[in-house]
Amino acid sequence: MSSKLNIAGRTFNSRLIIGSARFPNPDTMGRAIEASGAEMVTVAIRRVDLKNRDRENILNYINREEYFLLPNTAGCFTAKDAVLTAKLAREALETNWIKLEVIGDVETLFPDIPELLKAAEQLLADDFTVLPYCNDDPVTCRKLSDMGCAAVMPLGAPIGSGMGIRNPYNLQIIREQIDVPLIVDAGVGTASDAARAMELGADGVLMNSAISQAKHPVLMAKGMKLAIEAGRLAWEAGRMPRRLYAKASSPIEGVIGTSPDD
Amino acid sequence: MSSKLNIAGRTFNSRLIIGSARFPNPDTMGRAIEASGAEMVTVAIRRVDLKNRDRENILNYINREEYFLLPNTAGCFTAKDAVLTAKLAREALETNWIKLEVIGDVETLFPDIPELLKAAEQLLADDFTVLPYCNDDPVTCRKLSDMGCAAVMPLGAPIGSGMGIRNPYNLQIIREQIDVPLIVDAGVGTASDAARAMELGADGVLMNSAISQAKHPVLMAKGMKLAIEAGRLAWEAGRMPRRLYAKASSPIEGVIGTSPDD
Amino acid sequence: MSSKLNIAGRTFNSRLIIGSARFPNPDTMGRAIEASGAEMVTVAIRRVDLKNRDRENILNYINREEYFLLPNTAGCFTAKDAVLTAKLAREALETNWIKLEVIGDVETLFPDIPELLKAAEQLLADDFTVLPYCNDDPVTCRKLSDMGCAAVMPLGAPIGSGMGIRNPYNLQIIREQIDVPLIVDAGVGTASDAARAMELGADGVLMNSAISQAKHPVLMAKGMKLAIEAGRLAWEAGRMPRRLYAKASSPIEGVIGTSPDD
Amino acid sequence: MSSKLNIAGRTFNSRLIIGSARFPNPDTMGRAIEASGAEMVTVAIRRVDLKNRDRENILNYINREEYFLLPNTAGCFTAKDAVLTAKLAREALETNWIKLEVIGDVETLFPDIPELLKAAEQLLADDFTVLPYCNDDPVTCRKLSDMGCAAVMPLGAPIGSGMGIRNPYNLQIIREQIDVPLIVDAGVGTASDAARAMELGADGVLMNSAISQAKHPVLMAKGMKLAIEAGRLAWEAGRMPRRLYAKASSPIEGVIGTSPDD
Amino acid sequence: MKFIVNGEEHTFESGMTVQDLLDSLDYPTQNGGLAVAVNDEVVAQQQWPSCKLSGNDRVEIIHATQGG
Amino acid sequence: MKFIVNGEEHTFESGMTVQDLLDSLDYPTQNGGLAVAVNDEVVAQQQWPSCKLSGNDRVEIIHATQGG
Amino acid sequence: MKFIVNGEEHTFESGMTVQDLLDSLDYPTQNGGLAVAVNDEVVAQQQWPSCKLSGNDRVEIIHATQGG
Amino acid sequence: MKFIVNGEEHTFESGMTVQDLLDSLDYPTQNGGLAVAVNDEVVAQQQWPSCKLSGNDRVEIIHATQGG
């Protein structure tokens, strides 16, 4: 019902991008992804476990004709590692899209901005479609946008924290300064957080733990799908103005009885 | 998909109750009500305008076979006026349901608690199904619940203010203390506010200005419908725990390259 | 330095009213009261313990020539009990001032509004100087003010919760509607909460647990003293306007080097 | 009363650093600086106005024997300009201390992180004592700390916005990760904001517009002085724990009359 | 004879019933949705033809309208 | 004769005044700070010597204590 | 000849190609989804049969897995 | 000879030192608080009398002013 998400010339009906990690089991993952309505699913790139050939392959659980895979560079702490990971992902999954993460700290998983910018530059020069995970810094977002990233993906709160949109003001500023798609990546913990992100003008939300770590991931996935649509509709509908004082919705004229001013 | 709302033995598929006031025109009102998915619509009780016989009748725009009408006592400042208004509403609309409002102040439209309690008591004794608009005071809510009201309807913020859920802690306390349905009445301004109310454990949300005063009421009505379903699903799904620090969603093992601890 | 607090014709240099409960020991209480700079100290009224004649008497620790005692009716659940307690307090302490509490619920200690109003009315008729603890409801505050209470004392958050000013909007509305002194009673947990209350226009803050339950009550008492003065000065000074975007404080002209627009 | 601020081996009794810009006039500036209790005052470095020899010299208004001047590099958009400005400041004011600002955007005045890091590195190599204005990014703060900056100075909100501490969670994380002094620079709008910053564990607050743009700058300066002391004392005192529900401060035993459970 | 109808004074002939009053006001009642109170007591629709009005009666005629 | 003193039953000789009761309880009153109610009515200190108690009277003896 | 495969040392006969390595590891490659880098350079799948490994080469064999 | 002084072109006789420039600008230097850079290099105050300027030099003369 609301307008579609367009990133790098590709159109998505859903504005939710879902991560595939930390689900209780692959079956729940599959059903949650389906319930979420997402069309894009993130995956990580890791060494195969040579000692455990029977280990499950995530591609067995995500139908690539139905879902667009977005590999990430999670776990990389340098531009060099992130770039190599992105190239391996391109080879393994035959996609030049990459969710670029260059982490600066293991405890907060906040990005390392200079390394992120360096990696983005190199990947863009190598024809990647780069979707960078970054902090909610308007200057960094503008640099990433200016250099040609397909989207900017500031965090709402630390990855996996579920703390929601900690600084809506920064997101609002970023929205006003940036023309490429704005995806809130990380921090969303519940449905209203996702709606809030959309009402701030985000084009989409990337989430994982909020769904996979809910008590009932499939129910939450459905809730998130609706929350993102709701928030987008509210953004498109244009909310009522705020007032500190009340404004009667029922009309005043024709009340029976006495008013306090009589 | 989520469970249904049951008030006084009556079941509603929708957890949204919509007001009929302040729409740009009756046609927009009709389409917004439809888009909202609401099954219960509030109306006010007012003197007929004897000089203007052609004035539009709201019953021409709301099909009573489709929608359950909930008359209110908006504009009443005393128990006496509210009780008379409720009785007139019962006669005019053939319903013993009443949204009980007893206002204590024209500027804030906050309720007058002693008069509200008195009116509720009288109406309950007269077999009304009473849904009282009240403030977010746990003690008042418990009294209303204990005396037999069919629901309690604390405000999230002043009527028509669009300020959202100003004090989620009080609603959380009320939810833990009260067994009858909890409807957040007033204050919701945008979709995430409605989702938030539901995530706090509300059974439903009553709103009017958030829809009728949006730039595009029909779009917002649709957004609110989804937001309430989203918030309810999130409540039923059980949200992930919050943490101040990050927790990687992508697994740590098997990352290529160097970690910061190397 | 800032203006003084005047309640019922009595002038106080300090805008902090301190409670005497739950200190680790009487000595700490005494030093904390002194450090707080408060001139008014609340006490409760309780049955003497007939089996324990040596039990400490609080009057041994609070010099009545230095401090003005404000007895409370804490623990009363009905107007009747509160009125009797107030009269006993008047007899025991030779003061007609009373902090009127009529509690509606043991878990939240929220007031019972109808009983509170009834007790206030009776005590005012008996020439008490009534300072009622109430909730942050503008209508109740206005009624208490209109009937002649010497101040209104809405809660910032539940007693003993330390949750701070949960609903600053309501306090702001109350401030605009009420002319008698507005004392924020309950909820303050730390220094910035107290400053915040004053910046919303409160004339004073009544607190107890925030000081007595801090790790170092005497230090916190000193902090609270300063916080209340700070908040009052800020209110009197008139804060700068808020803006979403930046405004350079250093002048722009005469910068050396290149600007981004060159 | 609280402990002192130590930066780079220098001890300050006041934890407030005050900016000298945008005061209504030099006299008000002088009195506000005095009222603030600050010992460190920031100044900008600008080209002299060759056409206006009589233009006032700020050094005429700030007694350098009383105040420690901290020059800034405000207005610089590149590491190169910031380094040159710092060197000129050192020459003009005979101090190797520098508040390092490298701005990335004229509208938000957010810093340019890679340029900031580059400038800090060069200035540290040239024996400057570097106090960098940065964003509230834990990774950037740790890098600045690790490379030898004398303090980190993350923003609470955009310069001159008066929006307060927009993201207390990030400051809390930074405090836990960083050992050098943490000065909140920019964003504070009123006294409670300053107290809040200190309660999050900041060692000091640098502010300018909050004082110079208040209606009464001298009053606000005094308020800020007290707020910072209050917040520091609260941090040292150790605040009471928060609870959602109430906890009576007055003891329960010995209440006269009936309890609700009778 | 004078009545107060919806807060305004009207003069009618004496001996009127509620139904007579409604008829004389020429207000359409056939669609339903109206209710009437006389001196703060509701008069049920079945009693409109039999309920006689007295001088100075306060009559309220109400219907549902938009409300929140 | 039985009284309820601070919620507990006590037995004393009859004809007692409030002052007698306080004396017999051996509770120190000289410091002041006490107040007494009998059957929900406050008895002023000047009236303690003259106020006679009757059987089943409910007596409350209170003082100030720590409170917030 | 020694290689570092996914961070662990393995000893194989010399003259091996990437494809030989994968075959000898008995890791299933037919489903696709794998990628290989040698000394930080990606080796495209078409070149696996021709790309010869040298002693001490660092070989990374990766695939997609769950991630957020 | 032309210099760029604080961003604006000025013409002076050739062979000037920084001190000569400051003197000719008639800008008061005795109070201190000034600093000078030539072509992005700071010239310490002791070197003002000896530092010769060349054509097209970019000279910056700065002082402290109000700032946050």
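Each chain carries a letter (A, B, C, D, E, F, G and H) given by its place in the written order, and its residues are counted from 1.
The definition used in the following text is that a residue touches a chain if its C-beta (ideal position, glycine included) is under 8 Å from a C-beta of that chain, and two chains touch if they have at least 3 such contacts.
Here the structure is a predicted model, which means the values were calculated and not measured.
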Compute the shortest path length in steps from chain A to chain F over the network of touching chains.
2
Can you name the chain that lies farthest from chain C, using the mean of each chain's Cα atoms as its centre?
G
Comparing D-F against A-G, which pair counts more contacting C-beta pairs?
A-G
Can you give the whole-Å distance between the Cα centres of chain B and chain E?
33
Where the centres are mean C-alpha positions, what is the separation of chain F from chain G, in Å?
95
Calculate how many whole Å lie between the centre of chain A and the centre of chain H, each centre taken as the average of the chain's C-alpha atoms.
54
Numbers and ranges of chain A residues touching at least 2 other chains
19, 21-22, 44-48, 72, 74, 80, 84-85, 88, 105, 107-108, 110, 158-160, 163, 169, 173, 208-209, 244-245, 248-251, 254, 256
Enumerate the residues of chain E that touch no fewer than two other chains.
6, 37, 60, 62, 65-68
The chain pairs that touch are A-B, A-C, A-D, A-E, A-G, B-C, B-D, B-E, B-G, C-D, C-F, C-H, D-F, D-H
Residue ranges of chain D in contact with chain H within the complex:
19-23, 29, 42-48, 50, 53, 57-59, 69, 71-72, 74, 80, 84-85, 87-93, 159-160, 206, 208-209
Using the touch rule from the top, collect the residues of chain C that touch chain H in their complex.
248-251, 254, 256
Using the touch definition from the top, list the residues of chain G that touch chain A in their complex.
5-8, 25-28, 31-37, 40, 42, 44-45, 60-68
Can you list the chain C residues touching chain D in their complex?
1, 19, 21-22, 44-49, 72, 74-78, 80-81, 84-85, 88, 105-110, 158-163, 189-196, 199, 208-210, 212-217, 219-220, 222-227, 229-234, 236-261
Chain E to chain A touching residues, read off their complex:
6, 37, 60, 62, 65-68
